[in-house]
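Okay, so subunit A shows up in both of these, paired with subunit B first and subunit C after.
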Partner chain A sequence: MDVLVIHLVNALLYASVLFLIAGGLSLIYGVMRIVNMAHGNLYAFGAYVTAWAIGSVAGGAPTVLLLVLLPVGALAAAVLGAVLEPTLLRPFYRRAEEYQLLVTFGLLMILEDLLRFIWGPYPLSASEVFENFGSLTIGDSLYPTYNFLVIGVGIVAAIFLWGVIYKTRFGVVLRATSQNMRMASALGVNVNRVYIQAFTLGCFMAGLGGAIIVPGQSAVLGMGIDAVVLAFIVVVVGGLGSLEGALVGALIVGVVREAGITWFPEIELAVLYLIAAIVLLVRPAGLFGRP
Partner chain B sequence: MAGEVNRRDFLSTLGVSVGAALTASAGSVIPSVGVAHAQDKPKGNIPDTPYKIGHMTFFTGPAAVLGEPMYKGQLLAAEEINAAGGLLGKRKIEILKADEAAGTDANVKELRRLKLSEKIDFFCGITSSGNTPALGPVAEELKCLTIFVDGCTDFLWDKAVPNPHYIFRITNMQSADGVTCAVAVAQTWPKIRKVAHIHPDYSYGRNAFDHFGIVMKKLLPHTEVVSEGWPKLGTTDFSSHITKAISSKPDLVVSSVWGGDYVAMYKQALRYGMFQKAKFASMIAFGVAPHAIGKDHPEGVIAGVHSNYHFTYPDGDRWPYNKSFVEKYHKRFNEYPNFQAEGGYTATYILKTAIEKANHLTGGWPEDDAVIAMLEGQMIAGPAGYVYIRPDNHQGYKDAVTGFSKNVADYPFPILDPARIITIPIRNITAPPGWPKGEPTSTYTWIDKTWPVAKV
Partner chain C sequence: MSTPAVTASANAREAGSVRTVLRWAVPVAVLLLVVPWIVPPYTAILLTYGLVMAIGALGFNLLLGYTGLLSFGHSAYFGVGAYVVALMVKYLGVGSMELFLFGAIIGSVIVTAVFGWVCVRYTRIFFSILTLALSQVLWSLAFKFFWVTGGTDGLRVPTPSLLVGLVTGQGDKTDFMSHAYYHYVLVVFFAAVALMWVIVNSPFGKALQAIRDNETRAEFVGVQIWRYRFVAFLVSGVFTGLAGALWVPLNGLTTPDIIHWSFSGEIVFMTVLGGFRSFAGPIVGAVVFNYLKTYAVGYTVYWQLLLGAVLVALVLSLPTGIVGTAGRLAARWKKVS
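And then the complex of A and B:
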């Protein structure tokens, strides 16, 4: 019984981080119609910055201080996004989509090299936070307490985003731009500003995903590329451009992956692609996508 | 050797020893790494053109954790040799870097370009077992003298290049990892019954699983596999794999997860209480980035080093080649060498040795064929101990080493417990020359057919 509960919490843990990454990716696509291949490395950037920040505080620092440092990676990713959108992406909006794919893919590579250039090839860990939280008992088993914080952040982020998009004026503008950029522009919306805000918010989410997961896992080269592939599976399942889709997609991927590892270890890797393939066959736009 | 034997007797015939000292001191006839002060004068006219080495390894991506030290090991050797005047006192070594992360097809093209356009004299490096079987045949075709540092798959010599001429490889073969780990387990914890596995899902993890299994079948035939986990290489989330392993209530968890993946895995396993619930053995835990492991790592687990090398063994003044290598490497790069660094360093010196011996016979700059003839059967005293290049398959063999994690005051990370190092003569755990090529590997079929089953 307790094992089942742990499997469920594991799935939620995975889904929380995936939602943060895929949600940002989907938000950016929804508003700007850009498939940001570099998104995964903004997640990695968030992870590296947080790991570096926590690692540079001498050992033995109080957990509260370390927790305060946790969002540093998310903020850094947001700042990076705010710089990248007007400088690198804006010149390509009027071009064909292939150019945007090429540019963001190039950016993915450049960011990967940048991470290695700054922090070297070795894994960077911020495990002090993870360790300080210790473990709690579920039945006869131990479970890392910190993982609940990650799940909590995932849930709060989902509620916060829902609030921003459906309950604020900014959300109205965002949705208007997403539905019809020209009309919104004609009605006096500063589209450039909306774009930079949406992109920054998307990058913040990716960075937050990296920042909260790094204490439990450590930052390694290549993590961004893996993350963007998984995020694409999520948005394929949920529907590109839909936040609800990202949430449901992340939950589905989290649960299926957990079940795959437990009962079908031999096809652990294939099982995620299988779901994506099935969804593509049955509902090509994804579960929540606009066809 | 069919039939049943006593396990302890059989282990002693394997020559497995714990806390072992070195058997012999380095004789003056065996070449060694490092530049000697008094070198023999080379014979004949030696050109002073640079000696170009193409070094391909991972400079980007997660495997850079292996690639960079490999390059640094070769770079250190090259700098030492150049400071003493170069190869045969004349030819300075020049290293051309290439990134193995470009992918197998691109790597093959790059090797061709390096040989045909850059006119490299020697090709070295390679980390991935996916790349040596692709690059090996091409190096043969290009007649390009090559020592692979790693890419240690048995498949290279079993299938891809069964009769090598131009290519060599310096690290232990992959199968040695699973076998070494299993022998260490059989000797340390003979009472285990249930084994859970967590391995990266690619050739290395599969190979480790297979060879661990075949040795278990022989030495601890009563054990059973109760759980398998196959995380993707590069995964840092092991929650599900750990949960699954623990829920199968194993006596032992075995893993060949490495690098940053391993650091993440052991930290998560700590919080899940995995190390309290089961014993733990790894093929490669301390092999990849010894200094990346934290003091929180559990003590007393079998922490493998890819059967190859941990910089703390052989320790102290007993084996000066290691002591001076570690000192020089640490001074130059401000980190401790891993098995790849040792491999890159030793590969460079074994080449230098072969060139010098060939020069003594032929005079002048020796032809590749003369260097190859010298490399075949060459033995060198490297930091890890003696490495012997077997003439039939051009594979470097050195005694396998593993041990138990322990925190000591001297290092800010755990090392192999100096009092309990396990060493195994490599010939006792690898298929001998002439053994028919087998499936999945020759060593696997050799163990299956020739090792007796130990009595329960």
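And then the complex of A and C:
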């Protein structure tokens, strides 16, 4: 029984981080119609910045201070996003989708090596926070308490986003731009500003995903490339451009992954990709997508 | 319904374009034939890699350039070609290059048919993501089933015998690769280029371009879009599979890296570098990319940064690639003189 509980919590842990990454990807696609292949690297960037801040700069400080430092990675990713959108992506909105994919693929390569350039080829860890939290017992087993914090952040982020998008003026503008960019522009919405805000918010979420997961794992090169493919699966299952979809997709992928690691480790990834392919066959726009 | 006069003038134009192409192609072909005796073996082997990738990129471009579908999963077909060869060595003890190519074609036809059946229902971004996801299925299988595929260690492939055993790979491997194998690859390359040229200039190829330019109109004049895209996907995948099969003996080892989606990205990169709007673009792009990557990797550990910057700059300022830009410059030069 408690083994099942642990599996469930693990699944939620994956789902929380995946939701943050895929939610950002989906938000950006929904508003700007761009699939950002470099999105995973913004997640990795967030992880690296937090690991650097907690592990190297403020190592040994009290846990509370370290927790305050945790979102640094998310802020850094947001700033990076705010710089990248107007400089690199803006020239491509009027051009074919192929070019947008290519430029973000180029960006992916650049960011991957920038991480290597800044922090070197070795993994960067911030395990201090993770250890300071200790562990609690579930049945007869020990389980790290920190993981519950990650799940909590995931839930809070989901509620916060829902609030922003459905309950604020900014959310109305965002949804209007996503539904009809020209119309919104004609009604006086500053589309350029909405784009930069949406992209920054998306990058913030990806960075937050990286920042909260890094104490439990480590920041390593290639983590972004792996993450973005999982995020693609999430948005394909849930529907590109839909936040509800990203949430449900993240839960599905989280559960399947946890089950896969436990019961069918050889074909765990294959099953995930196959699920994505099957969903696309049955519902081309994803479970929650607009066709 | 075309009147005889129109057909005649079209034929004349075709003949004219064939003549211009031959004026370019023949000297290049002769040069390629004598290259191993001119340049050092290392450069010749690099060129072999480039030619192999050119076959793959040529196949890829049938989808991107002529059908308007951007596949981010062509590493899958390349990998199928490579792994079929490696598994033929491991389980069947085969050592003949002709059998390798035959096996790789069969293998890539099967995989491409299944993947294509799923993928061609979609276009644009969904097509790209779906091809990517499916290629990752193969990657994870090659990665996880290590007792079959060797996992990350990969599978070794010894030097094959060419031309049903007439030429064997005994003796100096560098010499073999830079001469006998180089010419073998070159002949397959010529055949692939000729075949692709016929395909894109056939009514079938014209129909693909019609679909690319305007799907609705193409459907309206009676082109069965789904079927045409499927066949294009099949042909494209098989060309890339063939490239994978030619690549393995050259590399001597195949690892899951070549199925990973970032390798698909490299195939896209080559094609865009050369220019996907022209027939010769992917060929030039593959050869140039191969040199570029080799020197970038040798020059700095941050080669990805360098290549990424090149890609971004390329897409920003030279979207027609090397061939397109060269063509424009040549046209301008002609006007001036």
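Basically, the second predicted complex is superposed on the first by the 288 of 291 C-alpha atoms of A that agree within 3 Å, B and C clash if a C-alpha of one lies under 4 Å from a C-alpha of the other, contacts with A are read in each partner's own complex, and residues count from 1 in each chain.
The definition used in the following text is that a contact is a pair of C-beta atoms (placed from the backbone, for glycine too) under 8 Å apart; a residue touches a chain by one contact, two chains touch by 3 or more.
As the structure is a prediction and not an experimental result, all values here were calculated from the model.
Q: State whether subunit B and subunit C clash or fit side by side on subunit A once the two structures are superposed.
A: Clash - subunit B and subunit C, as placed by superposing on subunit A, overlap.
Q: Is A:Leu280 touching anything from subunit B or subunit C once the two structures are fitted on A? First, second, both or neither.
A: The answer is second: A:Leu280 touches subunit C but not subunit B.
Q: I'd like to know which partner A:Leu269 touches here: subunit B for first, subunit C for second, both or neither.
A: both
Q: Check whether A:Gln217 is in contact with subunit B, with subunit C, with both or with neither, and answer first, second, both or neither.
A: first
Q: Answer with first, second, both or neither: which of subunit B and subunit C does A:Gly40 touch in the superposed model?
A: Neither partner.
Q: Classify the contacts of A:Val3 with the two partner chains as first (subunit B alone), second (subunit C alone), both, or neither.
A: first
Q: Answer with first, second, both or neither: which of subunit B and subunit C does A:Ile110 touch in the superposed model?
A: second
Q: Per the contact definition in the header, classify A:Leu88: touching subunit B only (first), subunit C only (second), both, or neither.
A: second
Q: Looking at the overlay, which bit of subunit C runs into subunit B, 45-53, 99-107 or 261-269?
A: 45-53
Q: Find the residues of subunit A that appear in the contact set with subunit B and again in the contact set with subunit C.
A: 112-113, 116, 121, 265-266, 268-269
Q: Which residues, counting only subunit B, touch subunit A once they are in their complex?
A: Listed in rising order, the residues of subunit B that touch subunit A are 60-62, 64-65, 67-68, 201, 228-232, 234-237, 239-241, 243-244, 246-247, 259-261, 263-264, 267-268, 270-273, 289, 291-292, 294, 296.
Q: In the complex, go through subunit A and note every residue touching subunit B.
A: Within the complex, subunit A touches subunit B at residues 3, 6-7, 10-11, 13-14, 112-113, 116, 120-123, 125, 127, 130-131, 134-135, 141-147, 213, 216-223, 226, 257-258, 261-262, 265-266, 268-269.
Q: Quick check: in the complex, which residue numbers of subunit A touch subunit C?
A: Contacts found on subunit A: 35, 88, 91-92, 95, 97-99, 101-103, 105-110, 112-114, 116-117, 121, 225, 229, 232-233, 236, 240, 265-270, 273-274, 276-277, 280-281, 284.
Q: Which of the residues in subunit C end up touching subunit A in this complex?
A: So the residues of subunit C in touch with subunit A come to 64, 70, 72, 118, 121-122, 124-126, 128-130, 132-134, 136-137, 139-141, 143-145, 261-262, 265, 268-269, 272, 301-305, 307-312, 315-316, 319.
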